[in-house]
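We just call them A, B, C, D, E and F in the order they show up, numbering each chain from 1.
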Amino acid sequence: MAKLNIKPKRDCMWDLVSLGEVMLRLDPGDERISTTRHFRAWEGGGEYNVARGLKRCFGMETAIVTALADNPIGRLVEDLMLQGGVSQKYVRWVPYDGVGRTVRNGLNFTERGFGIRPALGCSDRGHTAVSQLRPGVIDWDQIFGKDVVRWFHTGGIFCALSESTPLVALEAMEAAKRAGTIVSYDLNYRASLWKAIGGKAKAQETNRRLAPLVDVMIGNEEDFTAALGFAVSGLDEQHSQLKASSFKQMIERVVKEYPSVGVIATTLRNARTATLNDWERCATTMASSTRRRFGRIWKSMIA
Amino acid sequence: MAKLNIKPKRDCMWDLVSLGEVMLRLDPGDERISTTRHFRAWEGGGEYNVARGLKRCFGMETAIVTALADNPIGRLVEDLMLQGGVSQKYVRWVPYDGVGRTVRNGLNFTERGFGIRPALGCSDRGHTAVSQLRPGVIDWDQIFGKDVVRWFHTGGIFCALSESTPLVALEAMEAAKRAGTIVSYDLNYRASLWKAIGGKAKAQETNRRLAPLVDVMIGNEEDFTAALGFAVSGLDEQHSQLKASSFKQMIERVVKEYPSVGVIATTLRNARTATLNDWERCATTMASSTRRRFGRIWKSMIA
Amino acid sequence: MAKLNIKPKRDCMWDLVSLGEVMLRLDPGDERISTTRHFRAWEGGGEYNVARGLKRCFGMETAIVTALADNPIGRLVEDLMLQGGVSQKYVRWVPYDGVGRTVRNGLNFTERGFGIRPALGCSDRGHTAVSQLRPGVIDWDQIFGKDVVRWFHTGGIFCALSESTPLVALEAMEAAKRAGTIVSYDLNYRASLWKAIGGKAKAQETNRRLAPLVDVMIGNEEDFTAALGFAVSGLDEQHSQLKASSFKQMIERVVKEYPSVGVIATTLRNARTATLNDWERCATTMASSTRRRFGRIWKSMIA
Amino acid sequence: MAKLNIKPKRDCMWDLVSLGEVMLRLDPGDERISTTRHFRAWEGGGEYNVARGLKRCFGMETAIVTALADNPIGRLVEDLMLQGGVSQKYVRWVPYDGVGRTVRNGLNFTERGFGIRPALGCSDRGHTAVSQLRPGVIDWDQIFGKDVVRWFHTGGIFCALSESTPLVALEAMEAAKRAGTIVSYDLNYRASLWKAIGGKAKAQETNRRLAPLVDVMIGNEEDFTAALGFAVSGLDEQHSQLKASSFKQMIERVVKEYPSVGVIATTLRNARTATLNDWERCATTMASSTRRRFGRIWKSMIA
Amino acid sequence: MAKLNIKPKRDCMWDLVSLGEVMLRLDPGDERISTTRHFRAWEGGGEYNVARGLKRCFGMETAIVTALADNPIGRLVEDLMLQGGVSQKYVRWVPYDGVGRTVRNGLNFTERGFGIRPALGCSDRGHTAVSQLRPGVIDWDQIFGKDVVRWFHTGGIFCALSESTPLVALEAMEAAKRAGTIVSYDLNYRASLWKAIGGKAKAQETNRRLAPLVDVMIGNEEDFTAALGFAVSGLDEQHSQLKASSFKQMIERVVKEYPSVGVIATTLRNARTATLNDWERCATTMASSTRRRFGRIWKSMIA
Amino acid sequence: MAKLNIKPKRDCMWDLVSLGEVMLRLDPGDERISTTRHFRAWEGGGEYNVARGLKRCFGMETAIVTALADNPIGRLVEDLMLQGGVSQKYVRWVPYDGVGRTVRNGLNFTERGFGIRPALGCSDRGHTAVSQLRPGVIDWDQIFGKDVVRWFHTGGIFCALSESTPLVALEAMEAAKRAGTIVSYDLNYRASLWKAIGGKAKAQETNRRLAPLVDVMIGNEEDFTAALGFAVSGLDEQHSQLKASSFKQMIERVVKEYPSVGVIATTLRNARTATLNDWERCATTMASSTRRRFGRIWKSMIA
């Protein structure tokens, strides 16, 4: 495995830049989407959340590369991202047609589970501005070459948004590598997103093309199997009883196939009920495999 | 002008059936869309609102013909329509792709004005299930022939949803006429909806094709000019000082051109501020022109 | 035990019709009734809840037979039942006197328990319209003979509302049996309701008179003892440690005494804390006794 | 007219004691009772409000004589009255039957008007504890003789609650007069309350029996006519155009008939819309008739 | 140990009088202080809470001796204390300067923990009216001698507010002893309050000066060590595994040193997570040591 | 009068930098501070609001120079300023003592008026971090010399916070002038703030010392008289009927006395009721006096 050389902070405008969608998240609180009369508004997105967390929990300077339709919904996402502290210097605003036929902003309706009832999400993210991003549009040299970035992050959700988004990720990762920026990639496999644009086969083809450019690969057990095509032996259908040794063997095969990857990180969740989850995490680096088991913790429903 | 012969109630399952979209309406209450953290959920749609109002304010039996994507957002619209008391017997549920690429439910973000700040709406209704309705899909003979309906209502918003929706309206209106059901049509011109599918010219062509099938034509001054192509002389750009006599002349030309229309109805609103509006209404029938001026009334912000 | 012959769906307007009270339920959320400043409004009632659940969870067509005082409180119950999807075709509206001396609508104030503090309810249901229902008022032949119903449900709460309600239940059950509709009855013993109208003795007399007309008898351990007069040996005062074998013996005695009953169903709840309950359920039919033990589940506080 | 001699504060436990009902007021905020899902809880009652206002706006020491059913609803009224600062030393707590057949607490559902839509109230106050108060139950000698009170207030709402409440008011007023406490009485005519217990004739008989014991008589134009039987000439049906001179003539007749009354006070409201009201007030004392016209003011909807 | 002789209720105006600060408590509900947009308002204070609990949970008559700045914040605390039912007869209102430079009211921002995240509080109580109380200001002879009190309570939070508050506590306790009123004192050690006025040494000096006047001494393990200077052997840093026998030995030393103390009471809490706590309590009296172990209970987050 | 030469945008990091306090604003919505149970949280401050408005309404880049105590209240202000989009690059975080004796964050409780009841505010801003700012602490050369700023704004509220804040304003304004940055100053006289530190005389002395450094002087009629010592002839006590000509004469005297001032701007508000205000505004520049009268507009209660 390779060793990570992170640029010194004093030379960089940004600790991290993420590339991905930012959706308006509508949350019915203690109620259910299909019978509520009230929604709470948040913003969120797999790749964006990394930038937001680094800013508000760890005080780092981060920015998001994304696109939004220029209507009040997009401006609400702007307001939420302002509160999130993530720089919008690289956000592209696309004119709205007044209807949502040509371009939209992504929406994500999410409800909490309770006891034996699992959490439920319903994303409404077709035809979004970010899914229409194409190579050649973002000035990556400005970002990585002039502004300078310590770490670039993107992932498998962004790459599943359309035919063109993996190409945007590819040019971003190539530019990052050229500039000496660390690249992390969260496999984050979502079957529904891939279904209409080639399914699991397309997901694996896409991710395998990007993997050689990745310094830090992130994924849970399902991601490595479904999104990257590795098999974990002894894994049952529900992934509920993941055998650590089998998982370790798989990681070793990933390391062997992609020697340029410097760190492989994963979280292992066992959901006892919707409100009580066990979490483990595991990171494999050049030197050794670190693994520690958390005690029984409660998943915060409020984050 | 023609005379309206409405079927007796005892022979009919429905007092009124509407054809149109039902959107989830998200309303930030006293706040603004672009800075709120809370939305109140309602359902609404130009043609649907007629069916809902007749049911809950006047106790009539009404139904809606529409289509919804089968996801929790659609099921919330179902829950809201249940509360609205409008029968969902003719609602078509279309399978959802988990993403919103192929089919969606319409969303309508609306905020109140205040004082000199006007109300603001942002609809997100592209690619909806109802916009994909095509002729031959709805069993109009069941509705008008077997279930039997006293009054059918649709309008210019539904007809602007796509290339196919005016054809659905046409087959519905023809079936209604065959069955002796009264047909009303609200011109309801929305420039943004028509823009991408032919603009004002297409709107006029569409509405002019449907007009001979209409018994009761509804519209404000802008509707008759923009959506049907009649001119009101002496009307300034803002329609703020509508001269009653000029408007009357235009109505007479409409009556002459479409002799089968039995009633022409309009509302004349003068918005002094976002919270203080004057309303007049005017109905022209075969026998006479009735017109009464309301006193100064307050527009309910809650409706 | 008898076998249940349920009418085919195609011949019936309703999958189920319930007879019972529908109350406005006022719920202080996370707070307590006696110190709150806010209530959430719901509708509910033992017999009605069966009709609502079948409609909204299982998609069946259901209706409620009840009576309401015609004031804004009753109209709020109407609005809530519309949302609940239960047909109000058989709801009787009784004129209100402006004060609540002659007729009222039932109110049910309920608060959640927490940890060692149990849930608390306070019903305010005296002098309600439904408690004043008398035999001869409801047109049961229209319901069971013309509209046709697959299953009729009522229970021990409705029969405890007044001297006259058991007589209404009796005429309904007789009409249902004549029409071949299945009859279910939930014993649901509430000491406070019976206290003023004859107590446990009257409850047993009432329920024993109705039992021969019941196809499906529902009750927990307390119901069979208090409301029907059967004894379960080895049952302690709190019913907390119900011995399954003793319960089974009691059911066998019920079966023997009422051979026309086709199914005896019960739920066995053990409340560990206000938020953590164990549930078992048990159904005894002609062929066999089915019993399965649920795993530890969480009782939804939101339902 | 008589002169008022108010006891010095240093000799009295209370500045004012009121006799009347305290209801739980449920208020849907900006929404309507019949479609809301949320209520705000307040306490209120015509006679009680006087005691609460004197305490919280003017810092006087006041107490309420009333009765409540001892259940969580009554305890919520207790909590609200604690916040209101009115002493509950003379509140009688009546055991609850768990159902509300024998005794209840009064509820008052109220909604705001808006523009041309008037405010709407629905009281549910039959069978309340306070309506069952009977003479001989309250220890008036303790209140007026030992604790000592400067001013006693009751009114026509309390006296319309049942056959027995005017008798309670009578014994209270007689005890107050014996002790030298000033007595005020708000006529406050409510047709719905009197309807079932003798109507307007009974109201007038009741009020005329109490009037000789009153030092300060309060009422608007409708109260003096309907509740006390005086006629105001030139008063139209809606009381919207009250002629001051005619009203003055009527007051003079009241003064003549009840010479022991020291002050006659009234408020004259002209509701332009639900949110814009004109108010005048008028007090006639021994010396002169004071009358001042307020400017156009807004009625606070929040109090 | 001494025996407690509590005055009979019939001779006393108050069951209990507390001396301490009452703060406005601002609580973000399910959210966190640093990101919320909404606060719920409550009142609270270590010594006051005893008076409030005795009134609302046990129906006793209680009063608070405190001081508040006379501004709308103080008046909100007044409104909250009215609801709390604690008499404000001895509350001193201090004129406000419009800015908060000379005198303020205490604020306490508190948020709940969740799972492994502990609860968080931020008090803003510098320069408060109550911290400026000085000896000679309160008329203790009126309170203990004329009004007469069964039990007086104060504690280590009040005594840490400033240099002068322990002197006020001292004069109060001396007056109470003279009048035969039982005195209880809750050690309640808060390092942050003592830090600027002498730290732990000053706390111990203060508490040791007051201890001989105390009849009932209350404290957890940390209080007896940090605030009073006793050592518990075998106590680890986190106090998480308190050995009962060691604690008992320490109590015996307290008893020996302060023979006038009649009862020593403590609560032993083991916080498993922020929402799941074990509680024990222990009281040592003249006759014996009573100790009972509670079962596993849930700490109410709402109280 | 002088002419304003504003630096070109391309040379500047900031369009505007403000110097002033940012308080947590707690707002009871439709209720009153002294009886509410809920507060909405906002941030605000006279000088800060200018920076926030320029950013969110006009899209300019702005920053705030201020100081905050580092506790959860301060971090909530940070979160609110992030949403406000104003850069916190120059915010000083001061360690908190856990109590609020040495340093605090400012709080501002504000309630809306209604009809004839005026709005009410209660600020609690003594001992704040920003009031303890002293000369020599802020690196003004970095701000004006290296980062470069087009416009600097501060005002009379900041200068009234303590003895030291006018000195900080002075050094800031001198540095701004040296760097060629435009300086604006809002007189904003608040009697309560000045009362304890020298009153109106001190305010006038302070403002007169700063005036020669000001390019744009802002103030209403009261500000020019009370805070700067100019008299407007014919101005009544309530300033309700400001005569335009008298006001103009005063402005001319200001211009004469401070020739370096380039613009004098004011707003003239006439509050008809708490919800209906007339506004005029007036700006006097070198070339001419511009004045326009607005129509009757509504003051937004939500801002």
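Rule of thumb we're sticking to: a contact is a pair of C-beta atoms (placed from the backbone, for glycine too) under 8 Å apart; a residue touches a chain by one contact, two chains touch by 3 or more.
Computed from a predicted structure; not experimentally measured.
Colleague: Tell me which has more C-beta contacts between its two chains, E-F or D-E.
Modeller: Answer by contact count: E-F.
Colleague: Specify, for the interface formed by the sequence copies subunit C and subunit D, whether it is same or different in terms of residue numbers shared by both sides, with half as the dividing line.
Modeller: Mostly the same residues form this interface, as more than half of the numbers used are common to both chains.
Colleague: Centroid from C-alpha atoms only, then distance subunit A to subunit F, rounded to Å. What do you get?
Modeller: Averaging C-alpha atoms per chain gives centres 43 Å apart.
Colleague: Determine the centre-to-centre distance between subunit A and subunit C, using the mean Cα coordinates as centres, and give it in whole Å.
Modeller: One centre to the other, that is 49 Å.
Colleague: For subunit D, which residues are shared contacts with two or more other chains?
Modeller: 35, 37, 79, 83
Colleague: Per the contact definition, I'd like the list of subunit F residues that touch subunit E in the complex.
Modeller: Answer in residue numbers: 26, 32-41, 71-73, 75-76, 78-79, 96-102, 104-105, 107, 109, 111, 120, 122-127, 191-193, 195-196.
Colleague: Could you list, by residue number, the parts of subunit C that touch subunit B in their complex?
Modeller: Residues in contact with subunit B: 79, 82-85.
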